[in-house]
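Okay, handing you the structure first.
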């Protein structure tokens, strides 16, 4: 067993989720061959970074990203910044010989993500993209069931990611509403997740037809510069330059039809990352707001007693849930895990990957693929036509 | 194919549900060997009976029960009166050589129901008790699954029947609140249904411990004498002499434990007749507000993908749902049936029984058994001790 | 109160549902000013029509559509044939001065439906299109809530209609798989319903981008000519000329975004006609497999206790459910109605319309609108581009 | 801010859940005035305790409980042993002047729990009983809603705690099946939780009528002595001396009726701690397998749109969920928490209590009350009669 120093940049929502996962991964994964040490957290605003370092258990706060790269005791760089910084930082980290984990979306453009992929490949470092939902046990179970043929030939993908946190028209124009920083709105934030799952569970996408829409065209500018929603709304108005919602029809290479819908304007939905897949042998459904559950219909079941069943993927036989001694990794069946555990499972596989010198899925290759889909949706929306991915 | 004349007494809620079923049974059951003709409806209030006859499609209105018995063109007597009239009328009908179907509960006391059973036996007529829920396809499916061993040895019965229509303390004291007419409150109205299902699905009950309670002790008297809630509340108050709610623990002869709970004071529940049965091989759940569905957990399912499944019991392979030519009796799968179809299925079996000279389940034998359970619950509540059934 | 004679053509699934509704509408709607008399049922196969007339309660069987038109005792023509006959028969009926109710979809092409509309207008007869789901009480309640402003400005429409009855590749090529008879597959069968609801609940559609797909390209030909699935599969194969599934993105004129998805290949779904609408003041959801329920999220609710609520639209205050005397039209709250009652409600409004000389919604005007949407989806799929409706 | 040293005894399921909570409480509760330091973990089997100390992050392993008491750097004793050790250890800890948190049930008998209460009172130490479910945000919200009058006068409590982990008759006779160590079976394990919630949410219980049952009367003895289920089954059989399931009717002092049912033999239920409360102003429901959700029916809602709503108690305005700066304590709305967070919230209040010198709820006073209910249920089952608490 050895340790690896982590240097993390970004300290808001994702920084906090990652910090927690570093703290917890060795507790729940005692078998890890490589364990993280929370060496340094990096950001620009000294006061805030200092507080974050203290609150989240980092040994040190630094204010210059390059400083992380220069340190020998840091072997892994974790990037949680706004989207426009992902690729530049990832490339720098790779060039400095550091392993890299990056929040999604990988970048702003396909070209950019390809550069990032080239960089990590050339450097030979381990790279991972933090699409943490793959490692919700119920979703990983879905993957195993699909691979075991339990859905048969796939006909339909239906993926919605519905939220409602931006419906208030007086909410200010923070970075997620600005194209130059975020790249896009619901598209890169939510459809990135949904596309990742579709590509993984169903397969490659051939072509897309998308539609982006901004319901609230202008918002008050922020009064402070910390970038978050908490900054407060000023009296001036400025244009929202990203989408509030995005929809897309897609054709998968395998012949399946797909529908995507993501939005920040679906009243009553907080984090409704839902998908359903229909195949010749069965159907499967998932909803992130009940993340321990997976629904399955087995078309080969006796018709008289067939029906969708609700699998509570919380037992030791379910993915990630069992220790090697047969005991529960987290808690006994029905003593459910939460959102944060998807990060813990993701990081466990990252550290196994680092031990073996292999980049776990999803990595920058997947990041390029996802970006191609998102870019095609955006282009399709502008041109009002189908676009080949 | 032959016809049988029906004479029905009582014309409010149940009279209407029965009238509808007589109208519809030949439409949905074209194979019936005996078909009903709606000969005469009987009640005391001429105006109301005349209107009912016209609205519900009866050939004639009569105002004296004995008149029904004297007619040769009436072969079946259907009793939908308040509970205190059930047994006297059933006995008279049997003695007149008429087949009898009676609304539940069969009677006011165990002794009374035994007299009714003796009378129909002696007369050799077909008799049936209208516990229509047995013939919800999902419940009949439950019975078939239990008989096929799909629950194994039964450990638990959990039956709730929750309603909220009497919560308003200003609702007047109509017949269902008066012991001398109704016999009991939620006990005979709701626990009768739940006990019927428990006895049928799990088996005989050895002993019970019950508790009856009246939350609203006094109610305004009715201003009119038609007996219904619509009569309007007067200014005088009188004692409610029946229970608003009843609970019971029971021990089944097979060794299973049971819990019953019925109430008219469960805000938000309209007709929540719920039961769950847990056995060594699986569990089953039902809720009348979603009457086309049955939930089943198969304990022999592969643990990794095991879970409660929701069976939509609406396909031609489900009980009552298929015609002999393989087509749907009612509507194609997923085009669901409603409350009234449980009566139609019940009456279809009644007419098959009449053709064969056999009394279908549940009949007066079951009525005696159910009454013994209800009486034991009531006695137990008075004596604050367990009572053997 | 007066009577109107009905002449109906077509006697399979829809013919049966309509026959039942004619039988029942006066029972549940005693206040109707015009009541139907089941005069004559029409079809080509004598034996089958004779049996249908007898089973479903029609006075007479006829084998020539024109015969219905010539009779003075028939005032209403009801068309339940395969889709290619709808418009020709509707026009003939109108020209004969008969009121017309027609099953959906109204026709095969936009031009055709416009001719039908012109004909009924010119004849001045009452016309109605049988989109029965509008009159599920829960859906009508949704309409009332939207009109009362309870959703506010609408952002999203999401409509799926999922079935699985055609997944078996050995199911034969009956009329619903043949373009020259059915016009289209899931598009005209299922998206017609979904589009009707979207147009009614959200408003006019500006443009669409659609995709049609046929998963099973060839099927065995039928061995008999009765047209139904029961005809049996032969050994020869022929091309399926309609879609198995259809998806579409749409832009509503009000600015809302819409997604449609309909399919006969969604394993586990029998009749899952689902929609959700998200607006600035709330969201609403419906699923036909639980047709008595409507879900609503009120965005103005106190956030601490806000959530989607499940409204059981079965009480006398809900649409269609109450009689004028305050009693239940069907059954007391929670004693739920089924699929067939949506036809009964539809026909009640038809007969009120006939009494008043007004065509109730939806009528042939709506039929043209729906056809325009479906045609645009089909054209869009062929041209792989957005199409203005 | 100051630190307090913790000495914990017991290192299996509960020991692990507590260890995790100590690790995490300062991360999620940065405002805590007193923060825990994981000083020493105690157990009898050196190897296992050493491993636990290492895996769970304790500074030291000790093998003698008294050693914990002697240390000045330990201010809080945490007891996670089998039930027969709870009270003796709690008394010793109090006498040593240590604050105490104890797993439920507090003891084996009422007398014993009263001794424990007397001891902590005399010592003046802070004491708490670890009924962690109270601090699931959804349950705490239920309490707040009840206190705000949102249920009105309470009529019904319905509490089930259903599990299925002991159904296999070959599972060995580990400590939870032995009365001399566990005190009881499902009664003390599961009904303790349910009774705690009932007493807190509804109020004091006047009398009970209970029934205990053991479905599997004998089990193989354990081959090892570590006490856990993992010890392996031997070939000898021995009597199970505790209950597999327990049911009870209760009468609350406020007049409400209650039903309890707990079991380890409900196939398909992993951790189904369900309760429903019906009152004059509304109803409330909870199910631990969906611990972020609370259902509420508001009887004063407009009847036309009334229904049970599903509150996702995950927003910053919900109990425990918000930081003082308005941000989320855990994660944004819909990014749900899990089982382990109920312990974290519990421990946060414990440390606040220690800072203030007050024993938070539930504490040993509640432990005595709960024990009185459980003892009454057991006595009632033996005597087959109602027992006053």
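Brief remarks follow.
So that you can tell them apart, the chains are marked A, B, C and D in the order they are listed, and the count of residues begins at 1 in each.
Throughout what follows, contacts are C-beta pairs under 8 Å (C-beta built on N, C-alpha and C of every residue); 3 or more make two chains touch, one makes a residue touch a chain.
What you see is a predicted model, and the numbers here were worked out from it, not measured in a lab.
Using the mean of the Cα atoms as each chain's centre, the chain most removed from chain B is A. For the pair chain B and chain C, the fraction of shared interface numbers is greater than half, so the two copies use mostly the same residues to meet.
Here the spacing of chain B and chain C, counted between their Cα centres, is 35 Å. Look at where the CA atoms of chain C average out and do the same for chain D: the two points lie 54 Å apart. Multi-chain contact residues of chain A, defined as those touching 2 or more other chains: 269, 306-308, 312, 315. On the side of chain B, the complex with chain A involves touching residues 141, 145, 150, 295-296, 303-312, 315, 317-318. If you check the complex, the residues on chain D that touch chain B are 155-156, 158, 160, 162, 164, 167, 209-211, 213, 215, 245, 247-249, 251, 255, 257, 259, 261, 263, 265-269, 278-283, 297, 299, 306-308, 384-386. Chain B contributes residues 13, 17, 20, 23-24, 27, 30, 55-57, 163, 165, 230, 269-272, 288-292, 312, 314-315, 325-327, 330-341 to its touches with chain C in the complex.
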